[in-house]
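Working notes for the structure below.
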Amino acid sequence: MLDKIGIAKRIAKEIKDGYYVNLGIGIPTLVANYIPQGMNVVLQSENGLLGMGPFPFEGEEDPDLINAGKQTITTVPGSAFFDSAMSFGMIRSRKVDLTILGAMEVADNGDIANWKIPGKMVKGMGGAMDLVASAKNIIVAMQHVNKAGESKLLPKCELPLTGVNCVKKIVTELAVLDVTPQGFKLLERAPGVSVEEIKKATLGRLIVEGEIPEMVID
Amino acid sequence: MLDKIGIAKRIAKEIKDGYYVNLGIGIPTLVANYIPQGMNVVLQSENGLLGMGPFPFEGEEDPDLINAGKQTITTVPGSAFFDSAMSFGMIRSRKVDLTILGAMEVADNGDIANWKIPGKMVKGMGGAMDLVASAKNIIVAMQHVNKAGESKLLPKCELPLTGVNCVKKIVTELAVLDVTPQGFKLLERAPGVSVEEIKKATLGRLIVEGEIPEMVID
Amino acid sequence: MNKTVKNADEAIKDIFDNATLMLGGFGLCGIPENCITALVKKGVKGLTCISNNAGVDDFGIGLMLKTRQVKKMISSYVGENAEFERQLLSGELEVELIPQGTLATRCLAAGYGMPAVFTPAGVGTEVAIGKESRKFLVEGVEKEFLMEMAFDADFAIVKAWKGDPHGNLIFRETARNFNPMMAMAGKITIAEVEELVPAGTLEPDQIHTPGIYVHRIFQGANYEKRIEQRTVRKK
Amino acid sequence: MNKTVKNADEAIKDIFDNATLMLGGFGLCGIPENCITALVKKGVKGLTCISNNAGVDDFGIGLMLKTRQVKKMISSYVGENAEFERQLLSGELEVELIPQGTLATRCLAAGYGMPAVFTPAGVGTEVAIGKESRKFLVEGVEKEFLMEMAFDADFAIVKAWKGDPHGNLIFRETARNFNPMMAMAGKITIAEVEELVPAGTLEPDQIHTPGIYVHRIFQGANYEKRIEQRTVRKK
C-alpha cells in the first residue's frame, strides 16, 4: 500500500519532458518534489504564474508571490506572471498538458466530485471546475477507500459533481487505473496489494486483464 | 463655407476636458492640432496606444510607433501600449468618450456608410465598424455634398452601411447638425452660408427651429 | 489627466448602500487593504462583493463581514473564515459560488464589452442549473459550454504595485491575479497603489492596465501584506 | 524548455499547402519579416492568411501574393496593394473582410478557449449576413450583437522584440498589435524575435506572451522594418 509520498512519486512518473503541468492542492503539490532531475517541466499555478519553483528559504518569503494554495513560493528562470483571465484562458485552450488533482469520488465514466459535501460547510470550487472541464489529461490522486473502508471509485458519484467524463487516470494507495469507456482498467498494483483487494475496494466497473504488474517506485 | 481645417477646428470645440478620443483618418486626424492648450485629452489609436503625440521630428521616426493610419507618430508622457484585443475591448466597453470619423453618407436616423463603394475596389472597413457600433458619442466630419453637388445627408444611405443608428453629430463645410429621432437638427451655419443653402444641400429630414447662429471659429 | 485623490476615504466616498463592488486579490495577495479599511470606517451596508475569496476573520473582506456590511458574496472559494461560515449558516449572508475561471472571464467580458462568454466550466454540475448551454465543435468533437454573463459592478476596487496620475497600473508577481480584469470591469474603478509615480515614469510597454479604465488613484499607506500560508524550506 | 530553432526556414519547415496561417502585424509594423521570406522561398501554396493587412506590393504578405501562394485573405483592410487588387478582380484571390476588432477578438477567443464571442461590430451591415445575432441588455438598453466564431489556424507566425528559449515574448510599442492574440491562437505558434535572450533575463512581470503559447522561437536577421507612411514635422 502506498502512502501519500508513494502516490506522489508514482504520479511523477507520468510527467513527460516538455510538459506544462498544473498541480492541485494536497498530494498533487508533493508531485513537484519527484519530477526527475533534468526533465524540462514548467509548473503552472492558476493564480497567475508559469514557472513555479520550490518554497522560499526561511526569511525570503514574498507576500506577492504565492501559489493557488496560497502558499509562499519562488519562481524558476524563465517564469512569467499573468492575470487570472489569461491563466484560465490557457487552461481552457488546452495549453496545459497535464492536470493533477485530488478527488473525493470518481465514477467509472470519468466523472469527478471534489468540492462539496452536502450538510458540511462549502468552501467553493476554486479553479477545479475550470481545470477538469478543459484539461486534456487529468490524473487524480486519491484514496481508494474512505475511513469506513467504502470505495470512492464508484459506478456513479454520490457527491455533487465537479466535472463530467474528464478523469483519464487515477493513482490511489492501492492501484493505478485508467478510465476507459468500459470502466476502470487496472494497470498496476501497489506493492503488496493483491488484485483481489483492489476488486473489493472498487465499486465501479473494474476491468482486470491478464497479469497486473506491481508498481515500480524508486 | 468651411475648408478641412475649419471643420477640424469646429469639431475640436466638441472635445471636453478629461476626454479619451479616437480620431479617424483624414479630417479627424487634423482635429488633434486644434485641441485647446491645457485641456487634458488623451488620444487613442486603435492599433494599440493611448497617449498619441504629434508627428516625430525629421530623423526621429520609429517604425514600431505608428497610428491607425500607419503614419509615424510619437507618444506623450503617461502613454500606454496594448494589444488589439484590449484596444477594441476598451472601444466596445465604451471607455472612449468620443469618436470622430469621416463618412461618405449619413442617414437622418444616424446610419453611416464610409467603407465601400460598389463597383470600386474595396479596401476594407478596418476598425470603423467596431468604432461606430460601440462608441457612446460619434461625430462625423464630412462633405455635405459630393462633387456633383448631390447631398450626402440622406433619408437612407445608398452605399453599404458601416453601422446603424450611431452618428450623434455631423460637422460639414456648411453646417453643424445633431442627429435626432426626428432627423437632422440644424445647429449652426458655416460663415457666409444661409439656411436656404443648407436646406438645398440636405436630402434627409432637416429640422430648422428658430434663429440658426453662425459658427464661431477662432 | 490627473485622477489622483488624497486617500482611500476620498476614493470611496460615493460608494452607496447596496452597491455591487468588485474587489481585487487572490486570498490575501494583492487586496486593496486601504479601501477595505475605509469601507469599514464608512460603514456602508448591504454590499454585494465580487471577489475570488472572502478574506480571513480579521483581515481583508473578513473585516467587512465582521461589521455585517456584506449582503452577498460572489466568489470561487470562501474557506478559512469562521465568521463567514457563521453568517452563511444563519442565513445572514448570501453566497454565490462560481468557478474561478468563470469569475475572471465574466470580469474580462465586462471590460471588453462582451455581454456574455462561453465556458465549459461547470457543465453537468449544479453550476449549470438555470443557465443556457450550447454545443460547439472543439478539435472536431462536440463540446458543451455554458453561457455566462458579463458582470455589472458599480465600483471596482483594485490594488496595484505602481501607478501614475493617468491611472496607468503595473502589478507585481502573483498580486496581479484578478486586479487587471476588475479594473477594466467597474463602472467606476478605484486603484490604490504602493507607489504613485509622475506621468511618464512608467514604461509604456510595461503597463498592465491602461489609465482609461481607472477613474481614481491614490498611494496607499501601511500595507500589511499578510501571508496566509507561510511555507518555507531550510537553507 | 528550449524551443529555439535555428532560423525561419527551420521554423516553418512543416507548413503545408492549403494551411491556415495567422500572421501578426498591423500594416508593415510588427510583421514576421523573416518567416515571410522563408515562406516565399519554400513556395508553399494555397494558403489562407489571417492578417489584419495584406502588405504592400513588394513587402510583407505582398511578397507571398506576388508568388501566388495565397488562396484566401481574412483581413480588415487590404488597401495599398496593386497586385492584390489585380488578383482579387481576376478571381484568383478570395478575400473575407471583417472588422478589425472582430479579427482581434476571434484570435483572443481561440487563445482563451472560448468557442464564440459576441460583438456589435457589423450589426445591420453586410458583415451580419448569415450570422446568428442576439440581443443583450447594455446599460439598461437592448443592443444587438453578432456571434463570431473563434479562429482555427494551423499556424500562427508572430514577431516580437525580445524572447527567451521558453518562448516568452515582449513586444515593442505599436508593433505589439495583433501579435499577442495570434501567438495564443495558433495550433503551432512560431515566434521570430529581434533579440533572443537567455531564460531568466526577461522580467517575469513584463512578459506579454507567456512561453506556454509558443512552440518555436528564433532570432531573426536583417530586419528592414519598412515605414508605410513617413510623416514628420520640422524642428
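Order of writing sets the chain letters: A, B, C and D. Residues in each chain are counted from 1.
The criterion applied here is as follows: a residue touches a chain if its C-beta (ideal position, glycine included) is under 8 Å from a C-beta of that chain, and two chains touch if they have at least 3 such contacts.
From a predicted model like this one, the values you see are computed outputs, not experimental measurements.
Trainee: Just to be sure I understand the contacts, which chains border both chain C and chain A?
Mentor: D
Trainee: When the contacting C-beta pairs are counted for B-D and for B-C, which pair yields the higher total?
Mentor: B-D
Trainee: If we define chain centres by averaging CA atoms, which chain lands farthest from chain A? Would you check?
Mentor: B
Trainee: From the C-alpha centre of chain B to that of chain D, how far is it in Å?
Mentor: Roughly 28 Å, centre to centre.
Trainee: With chain centres taken as the means of their Cα atoms, state the distance from chain C to chain D in Å.
Mentor: About 32 Å, centre to centre.
Trainee: Per the centroid of Cα atoms for each chain, what is the distance between chain A and chain B, given in Å?
Mentor: 56
Trainee: Calculate how many whole Å lie between the centre of chain B and the centre of chain C, each centre taken as the average of the chain's C-alpha atoms.
Mentor: Here chain B and chain C have centroids separated by 36 Å.
Trainee: Among the residues of chain B, which ones contact at least 2 other chains?
Mentor: In chain B, residues 81-82, 85, 88-89, 91-92, 134 touch at least two other chains, as defined above.
Trainee: What parts of chain D, by residue number, touch at least two of the other chains?
Mentor: In chain D, residues 105, 112-114, 119-120, 171-173, 176, 204-205 touch at least two other chains, as defined above.
Trainee: Going by the touch rule stated at the top, which chains touch which?
Mentor: Pairs satisfying the touch definition: A-C, A-D, B-C, B-D, C-D.
Trainee: Which bits of chain C are touching chain D when the two form their complex?
Mentor: Of all residues in chain C, those touching chain D are 105, 112-120, 136-138, 143, 145, 170-173, 176, 204-206.
Trainee: Within their complex, state which residues of chain A touch chain D.
Mentor: Within the complex, chain A contacts chain D at residues 18, 20, 40, 42, 44, 50-51, 75, 77-82, 85-86, 88-96, 134.
Trainee: Please output the residues of chain D touching chain B within their complex, sorted ascending.
Mentor: Chain D reaches chain B through residues 26-30, 52, 75-79, 85, 88-89, 97, 99-105, 107-108, 119-127, 161, 171-181, 208, 225-235.
Trainee: If you look only at chain A, which of its residues touch chain C in the complex?
Mentor: 45-49, 54-67, 69-73, 81-85, 87-89, 91-92, 111, 121-130, 133-134, 160-165
Trainee: Can you name the residues of chain D that touch chain A in the complex?
Mentor: That would be residues 1-2, 110-114, 164-166, 168, 184, 199-200, 202, 204-205, 207, 210-213 of chain D.
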